[in-house]
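Presented sequentially are two complexes of chain A, the first with chain B as partner and the second with chain C.
What follows is the complex of A and B.
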């Protein structure tokens, strides 16, 4: 029964990580940028929700109406100002630039909020739904629901809009996309905006489920990177499957053995998978490229 | 000047070699002199500025220098950018702390004597890590190195019986004290950095180093040419981890404390990569410039603004500005400027002599300053 509960917890939390990881893997697919700032972006989103909810006294879900547009604009601006000028060694240079950006955001957040752990509270947050012996915490159910809705919206954008077609074309072949007249910079900036926006939405849910401070971003980004590698870089589906798989493993290990080892096992699974499939579960093998 | 030569004269191998040597790069003697001057300046530094606050900035800078030079031997030459060298740094720190604790070492001299073991431990742990991470390339490699670093941080937290977990470990400080406390650390680190640079230079000139450069340019082709790519990459990683491990070992004794979150820290990964990038990736002198310029700056900001996280903001902004302004690094950018300056001066001189006009390959070789005997004596 403990194992079953672990699986349920893992699936519910996994959907949340899938949401945060989707932004990361999408951005990589389009512009080969490893957004190391995604962890702090999630925390920033959580702090936005925390501030709006406590000062305006509105429901955390309503704050998304403010948070997502703000974060989208931030992502768009970061691409245009910091990433577009990079012409050489894109993969590593953009990683270092995003790393430095993350450090700046971390510094600002720590300066404003200090290191104390805070949590986003909602009246319905503490209860849970019981189904037999299984326990479904309300917060995680809502997180699962919102993640599912946002991911569905993402897939709709990707497969049913002109922008989505441009985005997928850019992912497949940058040069060819340019040749058929796609404004690659605009598409990339919009994609980073969407990735950051999804991260911020994930942040609101993260803030409701976990106490956080600015330093939580390192734990987050290491998990998200593992999920994205495991799923195969650039594959949104892969990230989703990997997120749920990893969180189920982590939660089952946590209830069966010890919470301390849950996360370590999470990384060991990654090492094992990469021994046999260096390209991740759903990635394409990179041929001649280094 | 004939526009088309019917039969271009054949050049002897020595002539071809001369013609293709970069005529605008500094001569060997200039290079050797600058290195000796730099070494002399660094040796004199703590004797001139004796204030312990200043020399301790110097010590941390030397630690960075050792590690960045080491980092460059692997990442700079092979093109595999590691953002996970804090693994070897932390491993070096824990090796020293554990050895001192369990062997009951108390004298400062024997503490420093076991520092090479930290380097060996770093090189040893590079083998399993390397066998895992070197299976993948490019972005997956970069991200995997970060992930492996976090695994080691977690392990350090998760084995409190060995590492002390989150409460960390104390290292008995050396018995000497006062104003001269910093000096042994400074000179040992400077000496190690010099050895590291010599190693780096030797690697660059060797067949092994050429293999690494070939891997950087095109790994599959390098493999096809018979280079044992996995062996070469692993060996380079071990060499590089050795120096980073030593930097960690020295740091542990100097600071006297080891914590998982400071030993295996993502910041250290960032520092090494940015310092090397700012100086010039894969060049001999680039990492030296990077560490000597940014190391003191990092220390200064941390001391000046370390009370709050303001120093993070300043440092992050500085990194972004430097990375965007000098994307190729200081050394390659300056070398290009210098080269184009010399080239334009040479071109103007040629024009004055009336040699200009259409240029064929033969005439270019014949009139390049490196090939002209009269001008060779001057360089």
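What follows is the complex of A and C.
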């Protein structure tokens, strides 16, 4: 039964990480930009939710109506002001720019909120649904539900809108996309906006499940990068599968054996996968086909 | 189309190589800044003979990384001491000035920081960083330069096993911290399975191991013992494994944020132990209340040598006032114990220096090791074993009761309130 509980915990938490990782992999797929700031963006989203929820008395889920547009605008602005001007050595330069952006955001958050750990609390966030001997914590069920809805919305945008076609065309071939008249800069800016917006939603859920401060971003970004590498850079679907796989492996090993070995076993699986599929589970070729 | 953006202009003109180099340098500098500890004070050369009537005390504090929450409260404790000391004549009549560097919670950086404080900033004295993990390398550097290191938040066994004679812990060392709780459990509960978990740090794990060893000797058994790494972010599997045992007694070698995270998971799953002991997390005052919700604090216990409002004399009251005024905590009861631990280290340093009447570290260390060196800090009595542990420390256990942090163990100690046992169910406490 403990193994089943570990699987349940892993799937529920994995969906949350899938949401946080979706923005990272989407941005790489379109722009080949490794958004090193995704961890601090998630934490920024969590702080926005915390601020609105605790000072305005707004329900954490309702705060998304504010935080997603704010964070989308931030992402759009970061692309236009910091990434668009980079014309050479784009991958390395954009990595440095996004790292610097992360450091600046972390510094600002530290100045405003200090290092004290905070958490987003909601009355319905406590308690759990019991099915037999299995516990389904309310907050993780809500996180799973919202992740599923937002990722479904993302797929709908990708496959059923003109913008989605432009985005996928840009992912497949940047030069060809330009040649057929797609405003690649606009598509890229919108993509970073969406990625950061997804980070805001992930941040709200992260804040509801984990006490956090600005420094929480370091553990987050390392985990998100691993998820995206396993799933295959650029593949939203891959990020989802990898996130759930990672958390299930870690949680099952943690409950039946030891949390110390949870991450070790996962990294062993990661190494084995990359030996046979260096591009990750759903790597670039499949991502291009999406 | 005319390019107006600065970076774009650099990259698209004949100066682009220089521009790229500049931009890279800026970005690399931004990346390197926290790692290099460009923290709260610039480290500039200050020669001892140019002190102009000030006594400088150096400390590395964790303002980013895993210990950023507790690192900040450590810095605030030292800052409170600086204010207090200067209100009371400084040290040997000199104004006290703290020099802080930030270590990013990194043992490597803390080594660099103390090296810099000694050889570049030329501080007169050193006090410790946050955690055993960082105190150990700090003590090695200080020892290399024959400087004393007084600390209050690095009491894990490994600090004292190194055989150094320059480290002095003013708080209760790790091996003593859980003993009062273990003795109480053995007295109040019949032998039964106990659930343990601990983070793999050199301070937290030994405390829980010590509790387990004591309870094992009294006939208690181990329901589960989960050890987890520092970087653990998802606490639900650990909470699930503990909850599955239905153990009434739980002892966790936690530190923020896992102490809070595990409680949140216990609350969600409806698992209600009757005795819950966490090494750190509950001691974080307002931070703990914000993280777990005030309705879930009551009954949680933790070890320490200080609590807000402790009856430790006028200095404690003055320290609390300074902290309240400087960091704007709504209530003294929400202050963090780290602040008092840091304050104590500097307070003992001041008492000792005022006694030896010199800024020489060798004489200071000789005095601290002597049998006549006995001090009273805001945490209570202090005297040192040859290893540097505080032989006079009182290992108290505290408990949240209806929004207040109360000293509850040892039950016979002056100022102890009655232990709330069993702990009320989550969300059911009056506040």
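Definition applied: the second predicted complex is superposed on the first by the 280 of 290 C-alpha atoms of A that agree within 3 Å, B and C clash if a C-alpha of one lies under 4 Å from a C-alpha of the other, contacts with A are read in each partner's own complex, and residues count from 1 in each chain.
Definition applied: a residue touches a chain if its C-beta (ideal position, glycine included) is under 8 Å from a C-beta of that chain, and two chains touch if they have at least 3 such contacts.
A quick note: this is a predicted structure, and the numbers were derived from the prediction, not measured.
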Original post:
Between chain B and chain C, positioned on chain A by superposition, is the outcome a clash or a fit?
Top reply: clash
Original post:
In the superposed arrangement, which partner chain does A:121 touch: chain B (first), chain C (second), both, or neither?
Top reply: second
Subject >> chain B versus chain C as contact partner of A:91, first or second or both or neither >> reply: first
**OP:** With the two complexes superposed on chain A, say which partner A:56 touches: chain B (first), chain C (second), both, or neither.
**Re:** neither
**OP:** Determine, under the contact definition given at the top, whether A:271 touches first (chain B), second (chain C), both, or neither.
**Re:** first
**OP:** Could you look at A:280 and tell me whether it touches chain B, chain C, both or neither (first, second, both, neither)?
**Re:** first
Original post:
Does chain B (first) or chain C (second) touch A:100, or do both, or does neither?
Top reply: both
Original post:
Should A:110 be classified as contacting the first partner (chain B), the second (chain C), both, or neither?
Top reply: both
Original post:
If you stack the two complexes on chain A, which partner ends up touching A:140: first (chain B), second (chain C), both, or neither?
Top reply: second
Original post:
Just chain B (first), just chain C (second), both, or neither: which does A:260 touch?
Top reply: both
**OP:** Would you find which stretch of chain B runs into chain C in the superposed arrangement, from 39-47, 75-83, 327-335 or 363-371?
**Re:** 327-335
Original post:
Shared contact residues on chain A for chain B and chain C?
Top reply: 82, 85-89, 93, 96-97, 99-100, 103-104, 106, 110, 214, 218, 222, 260, 263
Original post:
Any idea which chain B residues touch chain A in the complex?
Top reply: 79-81, 83, 132, 135-140, 142-144, 146-147, 150-151, 154-155, 157-158, 215-216, 218-220, 266-267, 270, 273-274, 277, 308-313, 315-317, 319-320, 323-324, 327-328
**OP:** Please give the residue numbers of chain C that touch chain A in the complex, ascending.
**Re:** 3, 5-8, 11-12, 16, 20, 23-24, 26-28, 30-31, 33-34, 63-66, 68-73, 105, 200, 226-229, 231-238, 240-241, 243-244, 256-257, 260-261, 264-265, 267-270, 284, 286-287, 290-293, 426-427
Original post:
Considering the complex alone, what residue numbers of chain A touch chain B?
Top reply: 28, 32, 34, 82, 85-89, 91-93, 95-97, 99-104, 106-108, 110-111, 214, 218, 222, 225-226, 228-229, 233, 260-261, 263-264, 267-268, 270-271, 274-275, 278-280, 283, 286-290
**OP:** Write out the stretch or stretches of chain A touching chain C in their complex.
**Re:** 1-2, 5-6, 9-10, 12-13, 81-82, 84-89, 93, 96-97, 99-100, 103-104, 106, 110, 114-119, 121, 125-128, 130, 135, 137-140, 209-216, 218-220, 222-223, 247, 250-252, 254-255, 258-260, 262-263
